[in-house]
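To start, the structure itself, in structure tokens.
Letters are used for the chains, namely A, B and C, taken in the order the chains are written, and counting of residues starts over at 1 for each.
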Amino acid sequence: MAKGLVVANVSKAFNKVKVLEDISFAAEAGEFTVLLGPSGCGKSTLLNILAGLEPVSGDGKVFIKDREVTDLTPKERNIAMVFQSYALYPNMTIRENIGFGLKNRQYSKQDLSTIVERVAKILRITDLLERRPSELSGGQRQRVAMGRAISRSPDLYLFDEPLSNLDAKLRVELRLELKLLHQNEKKSIVYVTHDQIEAMTLADKIIILNKGRIMQIGTPLQIYTAPNNVFVATFIGVPTTNIFPTTIEKNTDTQQLTFTLTNALNQSFTIPLKKHVLYDVLTRYTKKRILLGIRAEQLIIVTNNDRATNNTMNTMTSNNTTDRITGEDEISSAETTFSFKARVTAVEFVGSEFYVYFDIDAKRIVAKCSATLAIKRGDVITLRARYESIHFFDCETEERITAES
Amino acid sequence: MHPSLPASQGNYSRRSLSLEERRIRSAWLLLLPMLLVLALVAMLPLYQTVFYSFTDVSLDDLTVYEFVAFQNYLDYYEEEWYGLLSDGLWWKAVWNTLVFATISVSLETLLGLMIALFLNTKFKGRGYLRAAILIPWALPTVVSAKMWAWMLNDQFGIINDLFVKIGLISDPIAWTASSGLLTIILVDVWKTTPFMALLILAGLQTLPQDCYQAAKIDGVSPVRVFFKVTLPYIKSAIIVAVIFRMLDALRVFDLIYVLTPNNQNTISMSVFARQYLFDFDRFAYGSAASSFLFIVVCMFTLTMIKLSKFNLN
Amino acid sequence: MTVREKILRVLFYATLGAIVVVSVFPFYYAIISSLKSGTDLFRVSYVPYPIDFSNYISVLNQGSFVRNVFNSLFVALLVVIISIGLAVGASYAIARIRFKGRGILMMLILSISMFPPIAVLPGMFQLITVLELSNSLISLLFSYMIFTIPFTVWVFNAFMREFPKELEHAALVDGASTATIIMRVFLPVLWPAVVSIGLLTFIAAWNEFLFALTFISSDPKRTAPVAIALLSGSTNHEIPWGNIMAASVIVTLPLVVLVLVFQRKIISGLAAGAIKG
């Protein structure tokens, strides 16, 4: 199958400051690729390189539709770009804005007019054609900008944070529209954003960048469920993934691998790593510091022990809780789950749910829970999680520890 | 991860100009006409001026000249010093120019700063006031010189009339004749202070308002706010304005030529140079004076750049 | 309002009043003087009464003053058009395209703007003689470039640098050539800057004195400021103040109207040139 886009060993430096280092990836034709990263990660520079607005610094190469375009001008690349600030020509009417690219390519008046009308129809902006950008709302302007891109039926669409200047409601609306547009037209798209929700909802493939390097390439599901490293784990997900260091020990009696946590009540919990898929790999980390990662929604609050704070429980709690509040029964097996206690330090209400904060090993940890729970600051709660939901990261490289590691 | 590169589609040997290369090429194409004009109207004449200053060329025929080295600048002949550097009138012109430039620019900066501070407060009719102070700046220097010459006329001038009436002076004064340089400075200050005020105002208006809000809430006195917040912030704007005004003042010509014609007491470097070039038929000597003024301006600029860099760091 | 505040308020408005009076009065006085005739001129008064246009009639009929005004207009307009024409392209190149030598180029332009006119006068005189442009208005077009070009390039550069990058990128992706980008994308957005730079250039050229005095030798070809400077009576001791004031008002009135109408544009042009120095 033809590749829509191939980027090979692309680097970029401005005055010896490295902005991009050895970026390589490929996208299938018709794929929706999202470049995701915090501001200053180099994603917009990469997009400009794809557009031909910035030259590549080293001997990296860019191919669009199997054609090398590394040294071609934007015009010759047959691409279209949509910008955060819409970048509509303020002195031209909407019709002229959409037709400007065609005019520069010497389309006949007849063709130009037909194409503009067709594009306007697709984007439902026909009655705006004679207006000027200043008379349009933000959402309408961005539609026009998309229209300008579509009009030339390019080989590759480049989107540079196109929704960031819109208010929240419009953003969701246009996001869906964009998705439908892509599903209908099946064009190759590279979309830059710092918004993980946009990335998750739109992308066929997400490329996460940080400090000019690729952190992970994968489908939204892969990125979410198997983050390659601490950066991706903490960058994706709201609230962020809990990361805390611990040491893996081998229990002298049972010869089991364990790790120990201490909560704010100064209670220590030693948690055995029974049957974890990574058990064999983790044996190599015995007596070593290791980073644990667990998502907030994987920590399930099972009990509110408000009236039972004096119960000292030093080891594993068994799953004999009676006043279970959550109804998620599928995680009840003691074979696959563990639980521990904590004292709530803060509760945030965000509408659909609560974010519950507590300290483990003097690190702030957050869990999500249903809004129906009545949890207050100072409550002692029991939390439960599946072993499989724990991610392990190497303490030094911050890379994910996998079965192949 | 290294994706396999697509097989090169046959003949990718044509290395077309990249966008960057094309842009640079068009940049030079766009610059070329301007550079040619500048070479023709600025660099070439400047070179020619300096060249003439080392010759004995005269206005009658600019193609006939002999090379005389530094004679126009300094020469020793039969136990007498000749040349610009031994010319008392030239040093008078240098002195006048420096006095004029220093005093008028200082006054303009001070007054300009005060007016800018006034204009920076909100009041009704601010726009009209701004337009009013633009008028002196927009007038041709010749016109303002003539207007003031008329107002300062010893017999019929309104200034004398006014001053006598309010008892400031007992008898009319011949302003342009008796205190020429003072008059010239006065007219220049009147004409150029608005320019200064507007430049400083532009600097003031970039000042972030939250600084003032914070200072107000903290109860800092306005005088302290001015010296601790405002002045440091607009310092560089003021320095730039002062440099530009000084350069302008060092080349003063119109005002003196019109206000006090043929008066050796108020002669400036530019007036001196032009007299020798065109009135006294000593073109080479005038060229030497012109070149000298250029050197003074260069030295002043370099010093200012050095000093202001030092200050800003 | 406390007494103190009241006093401060009075002082504030008194100062403002003083600034306005000092700024405007000389021009006002020139107008009054130009409207007096004969011996009235030599009696100081603060209101124009009785009004008499004989000075205007005499200035407009005498010599070539009308010609002189049109000469000024011709030279100033042409200088504005040529300077802006050259500066738009050049400043686009400097402001928007990265190339080696850009910094040196800006320094060169800045230093040319610092050239004292007298320093180029002898060389320029020779050039104009060689090109046989002596006593022609073309010589002024030529010599005025030395101060209009650096100024227009410098200020345009300030405006061009502010131009949003994304808009230029959009045009490049749309396949626009450099000429198209300048003419169809930059200029339509920057026309207010063109107006203010044009105004400032016009005023500078209209007011120029030294070159116009030196390169033009016959009365009908002179520009208006030179004509005013050279207005003299039948004898040396009889300065025609009435005529001079009338001529001054005629030369200045267009400028004052421009200033009052376009004061915002003029100030923005001045500020753009200065702040980035």
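Rule of thumb we're sticking to: contacts are C-beta pairs under 8 Å (C-beta built on N, C-alpha and C of every residue); 3 or more make two chains touch, one makes a residue touch a chain.
Here the structure is a predicted model, which is why all the values come from computation and not from measurement.
Q: If you take the chains that touch chain A and keep only those that also touch chain C, what is left?
A: For chain A paired with chain C, the chains in contact with each are B, in label order.
Q: If you tally contacting C-beta pairs for every chain pair, which pair wins?
A: Here the largest contact count links B-C.
Q: Would you kindly tell me how far, in whole Å, the mean C-alpha position of chain B lies from that of chain A?
A: 58
Q: Could you work out how far the Cα centre of chain B sits from that of chain C, in whole Å?
A: Taking the mean C-alpha position of each chain, the two centres sit 15 Å apart.
Q: Specify, in ascending order, the residues of chain B that touch 2 or more different other chains.
A: 19-20, in rising order.
Q: Mind pulling the residue numbers of chain A that touch at least two other chains?
A: If we look for residues of chain A contacting two or more partner chains, we find 53, 73-74.
Q: Specify, in ascending order, the residues of chain C that touch 2 or more different other chains.
A: Residues 172.
Q: Which part of chain C faces chain B closely enough to touch in the complex?
A: 12, 15-16, 19-20, 22-24, 26-27, 29-30, 33, 41-42, 44, 86-87, 89-90, 92-94, 97-99, 105, 108-109, 111-112, 114-127, 129, 142-143, 145-146, 149-150, 153, 172, 178, 203, 206-207, 209-210, 213-214, 224-226, 228-229, 241, 244-245, 248, 251-252, 255-256, 258-260, 263, 266-267, 270-271, 274-275, 277
Q: Which residues, counting only chain A, touch chain B once they are in their complex?
A: Contact set of chain A toward chain B: 3, 6, 8-9, 24-26, 52-53, 55, 61, 63, 66-68, 71-74, 76, 214, 217.
Q: Can you tell me which positions in chain B touch chain A when the two form their complex?
A: So the residues of chain B in touch with chain A come to 1-3, 5-9, 12, 15-20, 22.
Q: Per the contact definition, I'd like the list of chain C residues that touch chain A in the complex.
A: Checking each residue of chain C against chain A gives 164, 166-167, 169-177, 180, 184-185, 188-189.
Q: For a test of understanding, state which residues of chain A touch chain C in their complex under the given definition.
A: Checking each residue of chain A against chain C gives 48, 51, 53, 73-75, 79-81, 83-85, 87-92, 100-101, 104-105, 148, 160.
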